[in-house]
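This is the structure I have questions about; it appears just below.
Per-chain residue numbering starts at 1, and chain names A, B, C and D are given in the order in which the chains are listed.
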Amino acid sequence: MVIKPVIGADAAAALVKKGMVVHVGGFLGCGSPDAVIAALAKAGTGSLTLVCNDTAILDAKNARVTGVAPLVANKQFERVIVSHIGTNGETQRQMNSGETVVDLVPQGTLAERVRAAGAGIGGFLTPTGVGTEVEEGKQVLTIGNKVFLLELPLGGDIALIKAKRADKAGNLQYAKTARNFNPLMATACAIVVAEVEEIVEVGEIDPDEVHTPSIFVDYLVMAQGGKA
Amino acid sequence: MVIKPVIGADAAAALVKKGMVVHVGGFLGCGSPDAVIAALAKAGTGSLTLVCNDTAILDAKNARVTGVAPLVANKQFERVIVSHIGTNGETQRQMNSGETVVDLVPQGTLAERVRAAGAGIGGFLTPTGVGTEVEEGKQVLTIGNKVFLLELPLGGDIALIKAKRADKAGNLQYAKTARNFNPLMATACAIVVAEVEEIVEVGEIDPDEVHTPSIFVDYLVMAQGGKA
Amino acid sequence: MIEYVENKDIIARRIARIFKTGDVVNLGIGLPTYVANFIPDDVTVILQSENGMMGLGPAPKKGEEDKDLTNAGAVPATVLPGGCFFDSATSFAIIRGGHVDYTVLGVLEVDQDGNLANYKIPGKMVPGMGGAMDLVAGSRIVIAATTHFEKSGASKLKRHCTLPLTAANEVNLIVTDLGYFEVMGGKYYLLEWFKPYTPEWIKEHTDGDVVVMSNCQCSDIE
Amino acid sequence: MIEYVENKDIIARRIARIFKTGDVVNLGIGLPTYVANFIPDDVTVILQSENGMMGLGPAPKKGEEDKDLTNAGAVPATVLPGGCFFDSATSFAIIRGGHVDYTVLGVLEVDQDGNLANYKIPGKMVPGMGGAMDLVAGSRIVIAATTHFEKSGASKLKRHCTLPLTAANEVNLIVTDLGYFEVMGGKYYLLEWFKPYTPEWIKEHTDGDVVVMSNCQCSDIE
């Protein structure tokens, strides 16, 4: 097996270049690559496009900041493509002021678009959004007597994902609901950086229980407090 | 958790009614529900449509018969929708004589069509088959400068699948390459019968390592020599 | 003289009775989540959470939270024995594919054509639709859970929604703090009412066509 | 006077040299499978098998076969450390998504436009395309592995395929028992030839336009 480089969070953040489309795993911060996000916030790289389930939680009152929220606060995104911004008022403020373009995408459509990008699917038909604002500008197809929207794949330049455990070859396992968009994004981006809490020897992960095959992973980063 | 009924292979075969669309797991017989197939061959139920990767192996010379091959030999199918019939000469004979309709579908398209049926996707665009006979009768869409075929979902009335292990609630785990089409078919059919080699208590399968969630499974059948 | 008193509790309690053992149910954030507290002991439903799990359990005890296990509202959660986890594409394959029997969602507006608006007030509140559009389009039966009236006193059950829709023609059942409705063929059908209201009072205070079913009765929930 | 002698061995040996460490490779049934035997010890490729695995290993010892582990030809197989298993939708998401670097396939006919025919002879042999159409359409680089001539003596490298196509314009490289070709812009470019043949002889015996690259050389494989 081919061994993957283990790099520091700063080195991982340096792979993100100005103007890139960045996929970031996590659901309101659960299952986000926090060390890499912190390093990217420090690096301050801007003009990025974010693909993520949401802009996470930015709750100054309760001092709760999760997931990509620090990058939003830093105004590192010129566009965010997400399903939800309701727990990060700063995103909404930036949207209203015209500082950031916000594309709201139904969550299932977002997940399937990321999968499609990784799976070589040129588009897919979904009933979600028919008869709503989501329909605008999209091709509408009727198959039998059902109406569908044609949704297109959504790939990226780099994926910053979070897994529980990797082997040295880069096979990944996720934990519980921290899985969410991470395995999909691993298939959809040119470069894939996986932050993990544990790195084990090749062969220690049961091949029936690999969630993301090693071929998708380019770099490993150890999460804070993780063990090799 | 809701406990699923464990039934005999004959009772499972009796769920298959004349004229049904039957999905059967397995790849050239690896990962096929052999006990249920044997019972269905005995029952002799006919006019079925088969959805399967292939018509498995029927090699009289070497006395090798795998997967759905006995059902083909029995002429229980009026139509088979598969990617490969090259290891079952009887399928080819029936096709040439007009006894059975054979729809050959590229394997990746077949897998994705079954997934789409289970996932509520109304169709998907694939580059596979563009410029070939597979294109005939299909809608061709150009997205950007790439040409795709629109392929439609392929569901069924009943899925006969094979897993290694189930818990009593019907959560399934597959082994190695015996996984193949089984998890996809579990999502795409109205009734799902899973033949398994082992049934364990609810809670014994790690929730991060379930391959098919229990909600998809209606009946369990013990494979020959299996243990409860 | 009937006086309206908001009662979210009765909504959750009535919805909890709709399910039968084996049903797969997704409960939205807020009032819908509260439904889980009232599911009868002899009914076993399987709760799906769109962030990637089947078999959502009760909140963990204090100190036993797992950073890798939350519900769709980012609140610490637990998994019941027999539950399982999956990625977001699989989660919505389950939802879009019709494998969720019931989805229960909150409402900004709902109308008698089964249209639902619950994700956006233009220029005011734009949290995003999250998983709601898929849940409403994909689930077998969609239950709208809502107080009958806005703070202003206006009926949230409308003749026609005016806010941007979450989905068109998908709502099947509505439970408010006045009663339990089925939406069909462009009308509200009242199946059950709550004390101290009456079918007549409910008809008068709903913006739309309410038909009182012949077998409509007063709920025994108080 | 050059006399042709069929040599499948040299095809497999030459193809095995194309890969570099880290490449993900799918080897078709037959001659392509044989390529695995010649991959140099210092090159680590990852073999994908479309029936659902990454990290395909050598055949098991007799008596150590596992009924749940075969290659795409239903032959007992093994998995190398670091390999993994997945379902058929995932397998073809990997293939269609361009995550397989090289696919090596057998040939009935190939032509100078990169068209490949390898799944059907109408009225005669219709085994079905299996995974070949997806592999050829989806893989980054498609290598056709074939003896240069049919039994009849006709060139299998054609000006135009006449059999039903597996895929249009997708073949990038061809290795025959005469030489190693790149297909580009409607021509065959000869990169390397095998002894005892010569570029001139190969041009004469190929049905199509063969361009001899300026850096074309005789292979050191014998």
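In this text, a contact is a pair of C-beta atoms (placed from the backbone, for glycine too) under 8 Å apart; a residue touches a chain by one contact, two chains touch by 3 or more.
All values derive from a computational prediction rather than experimental measurement.
J.: Using Cα averages as centroids, what's the distance between chain A and chain B in whole Å?
T.: 33
J.: As a quick test, compute the distance in whole Å between the mean CA positions of chain B and chain D.
T.: One centre to the other, that is 29 Å.
J.: Using mean C-alpha positions as chain centres, tell me how far chain C is from chain D in Å, no decimals.
T.: 56
J.: Among the residues of chain B, pick out those that touch two or more other chains and give their numbers.
T.: 112, 115, 119-121, 126-127, 174-176, 179, 207-208
J.: Mind pulling the residue numbers of chain D that touch at least two other chains?
T.: 53, 79, 85-86, 92-93, 95-96, 138
J.: Chain contact topology under the given definition, line, ring, star, complete or other?
T.: Shape = other; not a path, cycle, star or full graph.
J.: Which chains touch which?
T.: Going through each pair of chains, those in contact are A-B, A-C, A-D, B-C, B-D.
J.: For a test of understanding, state which residues of chain D touch chain B in their complex under the given definition.
T.: Going by the criterion above, the answer is residues 49-53, 66-74, 77, 79, 85-89, 91-93, 95-96, 115, 120, 126-134, 137-138, 164-169.
J.: Taking the touch rule as given, give the residues of chain A at its contact with chain D in the complex, in rising order.
T.: 1-2, 115, 117-121, 167, 169, 171, 187, 202-203, 205, 207-208, 210, 213-216
J.: Note which residues of chain B are touching chain D in the complex, please.
T.: Checking each residue of chain B against chain D gives 27-31, 53-54, 57, 66, 82-87, 92, 95, 102, 104, 106-112, 114-115, 126-134, 164, 174-184, 211.
J.: Under the definition above, what is the set of chain B residues touching chain A in their complex?
T.: Against chain A, the touching part of chain B is residues 112, 116, 119-127, 141, 143, 146, 148, 150, 152, 173-176, 179, 207-209.
J.: Note which residues of chain D are touching chain A in the complex, please.
T.: Of all residues in chain D, those touching chain A are 21-22, 24, 44, 46, 53-55, 79-86, 92-99, 138.
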